[in-house]
Each structure stands twice: as C-alpha cells, then as structure tokens.
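Step one of this worksheet: look at the structure below.
For clarity, chains are labelled A, B and C in written order, and residue numbers in each chain start from 1.
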Amino acid sequence: MSEPVMENILEAVLLAAGEPLSVDQLQVVFGDDPPPRRTVEQALERLSAQLTGRGVELQRVASGYRLQVPGRYAGWVSRLWDEKPARYSRAVLETLAIIAYRQPITRAEIEEVRGVTLSSNIMRTLQERGWVRVAGHRDAPGRPAVFATTRDFLDYFNLSSLSELPTLIEIGEPGPDHPELDLPIPNQGPA
Amino acid sequence: MTDAGTEELLDPSVVATVQGEPFSELPRDLYIPPDALEVFLEAFEGPLDLLLYLIRRQNLDILDIPIAEITRQYMQYVDIMKDLRLELAAEYLVMAAMLAEIKSRMLLPRPPAAESDEDPDPRAELVRRLREYEQFKAAGEQLDALPRVARDVFPGRAATAGLRPARRLPAVDLDELLSAFSEVLGRAAMYSHHQIRREALSVRERMSETLERLEGDRFMALDELLRPEEGRAGVVVTFLAILELLKAALVELVQAEPFAPLYLRSGDLMPGVGRDE
Amino acid sequence: MSEPVMENILEAVLLAAGEPLSVDQLQVVFGDDPPPRRTVEQALERLSAQLTGRGVELQRVASGYRLQVPGRYAGWVSRLWDEKPARYSRAVLETLAIIAYRQPITRAEIEEVRGVTLSSNIMRTLQERGWVRVAGHRDAPGRPAVFATTRDFLDYFNLSSLSELPTLIEIGEPGPDHPELDLPIPNQGPA
C-alpha cells in the first residue's frame, strides 16, 4: 500500500478524534516536521471536495475542523437513538378514547366524563402525536376549543371512518338511540 | 515469582529492562550481574517458560530433550532464585521434582517391549505440556499482533450536532382504546348522575368533518354540505350533525332574508373568537 | 439535493454511531418499511468498495459492521493523544489466548496449560476489559466457573468470529491436536 496522501490522513485523524481539531492540532500529527498551515488547509479543501455527496462532510467550527454527518441524514441517524417505545399513561388513553367517541368535545366535557382535571400535558401529547386537533370553538362563555380526532388517527388505527371504531355494545352499553343512523354510508365523502 | 500484574508495559520483543536498558535477549551464560539476573528470572512466566527457554537457548529438539542436562541447568536457575530470595513459586519446585522423576525413570533399564504404548517415554507428558505451553505462548504473541482497537485501528466517529434523537412514539392498540373508554364510562357511572348514552358515531364523525370543511371558508351553503350522492342516510347524518353543531354552538347558521339560502360558518370565524387556549 | 443513496446513509449512520452496528440495527434506521437484509449487505459492499484507499474502512466484526480508521494511519492518529495505548503483559495475553482457543475452560485448566497459578489480577483485568466472562459452571466437584471470551473481545481484536483467530502454531510435529481450530476460514464479508 502506497503512502497515504495528506487529505486521507486528515480524514483518518478527524474521524478517529470524533471532535473538532484545529489546524495546529492537525499539524502535530505529522510529527517533528509538520507541513505548513497553508498546506494543511489546502488538503482540507481537497478532502471537503472529495466528501461531496457522502455520508460525512467537513465543517469548519469555532474550535477547528470536524467531520460531521450532514443534516439531510438526520431522519435515518435519529432512528439509531430510538429509545424503547414509551407507553401512554392511562389518562392519555382515556382522554383519546373520550375524544374519539364523543367528538367534537370541549376540555370541560372531557373532564366531566373522567371526573378529574385534564392536564395540559395530555392534550399536548395527543396534539403533538397528530391524533387530536382543535376542530373549532364553541359559542359559549370563554369560547372553549372543541377537540376532534384527525385523519392521522384513523390511519394509525387502520380505520376508514370513525364508525369503524369498536362499539361498546359487547361490554353492556345500551344500544344506539338512532339505529338507522348506523347504516353504512357509501363513499366516505370528502377527505 | 507469581504472575506479574495487569497492564505492564511489556514489549514482547523486550525480555527485560535493566536500569532503563531494554534487553531483547537473555544472556548466553549465567555470569550476569545479580540485579539483572533477578529481572530476567522475573520475566519467566513459570517453570514451563523457563524450561522452554533452556531448550531453545541450546537449540535442543523439544521432542528429544536430554533430560539430565536440562534438569541440571534448571536446578541451577532455581538455586539462584533461592539465593536471590525471589519469591519462588511452588510450581518451580514441583517441576524440579517432575524432572528428577523423569530422570530417574530414564536411568532404569527399559523392558524389551519398550516400543509398546504401555510404557511410553517418561518424557512424553513433559513434552506434551511444553509443546502446549509453547503453542499458547506463541498464540499470546499472535493475539498481541492482531490489529487492536485504540492501538492500530480507531473507530470512526463523525459529529452529529444538530441531529436529534427521534422519539419513538408509543404504540396504541384499538382494543386498548376501547377498554380505556369502557373503563372511564364505568367510572363515570359510579360518581356521576350524568347519563352517558351511546350516540351514533356517524353523527359525531360527521360533526367533526363538517367543522373541518367549514374551516377557512367564511361561509358555506347548507346545500354544499349535504351530499345527495351519499343517499338518504348520508344526508340525514349530515343534517343531524349540523343540528348538533348548532346546538353545541359550534357553528352559526346565517340567513340573509327569509327563504334565502342558508349559510353556515364555523365558530372560529365568529366575532370575538380568541386564539386557542 | 437528491435523496441520498443507501450506501451513503449507511456511512452516515455508522459514523454517527461510532461503534459496530448489526444488519438488524442498520435495517431499523430505514423506518417502518426496512429494506431486506440482502439489500443492506449489498449496499455495505458498495460502501466498502467506495472507501478503498480512504482514511476510513468498513470492517466486519462480531457485533456487526464498523467504520474504522485503518491500521496504516495509526502512526498519525496516535500522535493525537498523549496517552499511549494500554499494553498487556505476557501473562495476560497468554491467559487470554488459552481462553480464546480452549473455551469454555476452567481456571484449573488454564493453570495446567501455563504451569503456574493464575493470579486473580489477570482474570480481573480480562473481565474488566469485558473480554472474558463466566460462561457457566462445570458440573464437577466444586462446580468451577468456566470462562469464555465475549463479543467485545472479538470486536476489540478486529475479528468477526473465533474462527478468524490465527491458527495455533504447531510445535515439533505435524498434525494439530485441535483440528477444529484449523478449519480454513472462508473470506469474511466485504471488509
């Protein structure tokens, strides 16, 4: 194997370091007779050009140069650090269920059904997940927001419409008041 | 003499370091300064190592060891170790006894059937152990020569500043949702007189849908909201949904004059609507 | 910028990880609809070819694939750090070799091969480094622990499996005592 060229030595050193290195520090790795700054800088430029389109790029930062993963790989890289999927608390699931079955519904109404105050964390969790949205405001004192589930919610649960939500009949809830309204609706209207 | 500590700075090619001077070869004779000898002797990993050294030093065939000569040399070293008060491990004495035993058996006249397996060469076990030890001594050196992380190869790592860990979102099962709902209903029944009736979901859904359609549009005609292609049931559902929305004060119904078209607008667009929350 | 190709995504992910990743782990970064193993392996082969002559190489080790600075850059890279890499005594290396080739093995068996009592320092060093672990207990009087090497050991010594260990040198006469260790090693992956 022939002697590595300077840009590859710099690539090796920067990847081994895993942190920014100044030109001074880069000169040090060449031992007692280091190349001039300008030579190192020119090699860094060649390295940067070589890396175009690759999974790593040369970035100049305050403390020197570093090799970093370009931002466009964030989506893949971030999955590396996935934690074990958390679970939603009982409160989140209940709130989601109430919104799903009783939408559109205000916060106060959710609280009434659950019998406890609804923490804003819960609503934030559900809205950040994209399953619940503010569908409008009730024309009542304080103009409270009303919440509804989203299309993403249906997609996640593989439902084509809310009427496909499992019914509570099996678990003893009284039957529907308007049985005729449970007729299957052909063609699900506007998306 | 026991196994030396853990991460000594031992270069395999350097047998010993005496007063800062690395020695890569053990001396050919025993007339060496006592302090240097001590270091050399310390460098042996045990009696097998010492024996191997003696055999290799004289270019002897490991398969045909002149046991008397080797035993004599071995005992010389062991005596020096004693004189130097080196911490002489019992293993060296055990080996001395073994060598003496082999020597005495070698001196005995061999029975006629000496070639049979019944009476192997008394050196056979020692030879086996020496060969095995030498094998692993070499294996240790080979292992040391393998490219090693942080010495020869270095894991490559690039900075990931700005890349955020994705949170994996919790998974929810539809059954979980149903059971959460039934539980909350059960609980509600216990402490509330509130009558919870099951309502036709299709009306609820249509309420949400209708609100969605009204979003952004200032007004929408009632006819636009009703979709004849859905059939009678569909139209009824939408109509009921609109009535429910009106009842819940979520939409406003506007009519410019009697018999004029009915328009609906979302509560969001009604005067005085603040921002969410 | 167009969508990155798979080999560059793998490069980005491996460099972000800074440690070996298995094909399974690499598949995960592609989300809910991961490419098949074979596709990932082929992309790894392309990546490995791309890196020829560069300051970084793809190496297959026991826990997966690792991007690493090749040994020929060690001279430059080592000047980065004041601290010299740890060296191990002959006693440590011999003991490690015996465990590696003869595992699972008891302490008494190691002592028999080496002809000396095994100091507890040595075993502690090997276990603290994560190279050796207690793999179980032999069903014999005293139920002695048997030791084996770990995946970290292989990773550390740049090996993908025990079969890549150097063949034991035969002393004196031909014919290995342990022919199973002399099996020819098929070329391991793209590294």
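Things to note:
Criterion: a residue touches a chain if its C-beta (ideal position, glycine included) is under 8 Å from a C-beta of that chain, and two chains touch if they have at least 3 such contacts.
Given the structure is predicted, the values throughout are model-derived calculations rather than measurements.
Legend note: the chain whose CA centroid lies nearest the centroid of all displayed protein CA atoms is B. Among the remaining chains, the Cα-based centre furthest from that of subunit C is the centre of A.
Distance between chain centres (mean CA atoms), subunit A to subunit B: 26 Å. The distance from the centre of subunit A to the centre of subunit C, each centre being the mean of the chain's C-alpha atoms, comes to 35 Å.
Rounded to whole angstrom units, the spacing between the C-alpha centres of subunit B and subunit C is 12. Among the residues of subunit C, those in touch with two or more other chains are 12, 14-16, 18, 56, 67, 69-70, 73, 77. Residues of subunit B found to touch two or more other chains are 154-158, 160, 163. Listing the residues of subunit B that touch subunit A in their complex gives 154-172, 174-178, 180-185, 187-188, 191-192, 194, 196-205, 207-209, 211-215, 227, 229-231, 233-234, 236-237, 240, 245, 248-252, 266-268, 270, 272-274, 276-277.
Partner subunit B is touched in their complex by these residues of subunit A: 12, 15-16, 18-20, 56, 59, 66-69, 71, 73-75, 77-88, 90, 93-94, 96-98, 100-104, 112-115, 129, 134-140, 143, 145-146, 148-149, 156-159, 161-163, 165-169, 171, 173-178, 180-183, 185-187, 189-190.
Interface of subunit A with subunit C (complex): residues 1, 4, 7-13, 15-18, 21, 25, 28-31, 53-56, 67, 69-70, 72-73, 76-77, 79-80, 82. Looking at the complex, you find that subunit B touches subunit C at residues 2-12, 45-49, 61-63, 89, 91, 95, 127, 129-144, 146-158, 160, 163.
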